[in-house]
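In order of appearance the chains are A, B, C and D, and numbering begins at 1 in each one.
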Amino acid sequence: MPRSMTTSALSFTHPVRIYWEDTDAGGVVFYANYLKFFERARTEWLRALGVGQQQMRRSEGSILVVVDTRVRYLQPARLDDELNITVTLAEAARATLTLAQAALRGATLLADSRITLACVEVNTFRPQRLPRPILDALASFHRKP
Amino acid sequence: MPRSMTTSALSFTHPVRIYWEDTDAGGVVFYANYLKFFERARTEWLRALGVGQQQMRRSEGSILVVVDTRVRYLQPARLDDELNITVTLAEAARATLTLAQAALRGATLLADSRITLACVEVNTFRPQRLPRPILDALASFHRKP
Amino acid sequence: MPRSMTTSALSFTHPVRIYWEDTDAGGVVFYANYLKFFERARTEWLRALGVGQQQMRRSEGSILVVVDTRVRYLQPARLDDELNITVTLAEAARATLTLAQAALRGATLLADSRITLACVEVNTFRPQRLPRPILDALASFHRKP
Amino acid sequence: MPRSMTTSALSFTHPVRIYWEDTDAGGVVFYANYLKFFERARTEWLRALGVGQQQMRRSEGSILVVVDTRVRYLQPARLDDELNITVTLAEAARATLTLAQAALRGATLLADSRITLACVEVNTFRPQRLPRPILDALASFHRKP
């Protein structure tokens, strides 16, 4: 889905190990838990961009919230599996950004997704401009040939 | 999204109370947890149709797995909220069915979704024909004017 | 463990259904999830006593936090099981209270626990006096022969 | 609680990062989630001992289940915190072992626990002898002066 990118700000991988807590009685990872894995990887991607969510909340009074998710489940993950969760910037606007995220086990694609986040004021949930480091990453993204 | 229906087999509501476990440090329900609520409501809808998932697994060796989800998050839910989770049959085929599901607080729509399930053999995850009670519900669905 | 009681304020039961989200690949309920069930039942017990935790936070700036848990796991619960979660007031002090809680399936005891809560100021986590409705319930508890 | 040990088989540390999924509307980590962290660390400790739980299930038909937990919650953990989860072998018998586990943030003890596991047959949940690598670790434990 997303065009290929080269900088770490625009494409990112975070490892996730599957524990008992992640599985269900079907013997595989419960479908809601992929959203946890995607969130962990987004948090680490933001951290790598220099965006601390606690700090963003304190200094700017804004947080990122998920407004839309599309997830396709292709293959199940199981206990003890080591997954790689990817984050790729797909689209951006003044107050929202859309990421392509996937869960892979080795070369096998287990799940892929498109997730849209909005930046909102922490109490009112009114739209806010995205934090500067994300906007800067977006700017370099749009300058790509 | 789905056309209106009148029978309980085709449209179903399940109440969910929000507890501490469902919330996060943003003060609202964590986005992955709506998939838990949707799953609970689907299970109760199946039970109302006469489909026991444990029994289906034992007698037919098949389970229903989620293969696709699309969720839009419109308004946050908070601690102590009482939600209604709806299940509406949207589309069906021999081995898959698609549901429209929503989370409401009173008349306020908090989240809506389209979720596709596949019936698979429990060990190999190969596609299986849907269980008879679901197929029967589908048949009556298609007979609707 | 606790002496027998007769009023609903001092002994309370809350039903819990087991869904996919609660189970793990061992085919049974994941051990951490009993703490979720115990918390749900405590919240409903507090609600029955007239103690709203959101309201308590807003009006008094205090919340109840768990400081000690002891849980014994005796029999596993499985998908589709209907459990009853009990709450019984075991001991109380000015700023803490201890509950005996259990999970039962019919007459079968699956898990029992002793859980101590402290009332703390929401930002500093400093000990606070328990809310009046709980203290009143305690008072009637201590008047029991 | 446990006496000091020197070998990696008997004392073990596993890092855990706190994400949104771990927190609740109180702004801190939900109490049940420490049991998830303790389980992750136990799984990694077993892996370090050469005990694969999936493999143990397939080759011996047995799994480890938790039968008793005692957890004391001393200080809250918050979003973005980096914790260290420790595992120390405290006691052992033919079919059960007891671990002391703690959650620390730097030098600050947040929670400590004593957790007893039993080895059981996967279908009947009847007690089984512990796997050999654990028994060997225990043997070296008991030889300590």
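By our rule, contacts are C-beta pairs under 8 Å (C-beta built on N, C-alpha and C of every residue); 3 or more make two chains touch, one makes a residue touch a chain.
Fair warning: this is a prediction, and the values are worked out from it, not measured in the lab.
Go through C-D and B-C and name the pair with more C-beta contacts between its chains.
Looking at C-D and B-C side by side, C-D shows more C-beta contacts.
Among all other chains, pick the one whose mean CA position is farthest from the mean CA position of subunit D.
Farthest by centroid: B.
Would you mind pulling out the distance in Å between where the CA atoms of subunit A average out and where those of subunit C do?
35
Can you check how far apart subunit B and subunit C are, centre to centre, with Cα atoms defining each centre and the answer in Å?
Once rounded, the distance between the two centres reads 30 Å.
Find the geometric centre of each of subunit C and subunit D from their Cα atoms only, then give the gap between the two centres in Å, rounded to an integer.
Computed from C-alpha means, the inter-chain centre distance equals 25 Å.
Would you pick out the residues of subunit A that each touch at least 2 other chains?
Those would be 20-21, 26, 28, 32, 36, 39, 78-79.
Report the residues of subunit C in contact with subunit A in the complex, numbered from low to high.
Residues in contact with subunit A: 20-21, 23-28, 30, 32, 78-79.
Can you check the complex and tell me which residues of subunit B touch subunit A?
Subunit B residues touching subunit A: 26, 28, 31-33, 35-36, 39, 63, 65-74, 76, 122, 125.
Any idea which subunit A residues touch subunit D in the complex?
Those in contact with subunit D are residues 17, 19-21, 36, 39-40, 43, 52-54, 78-80.
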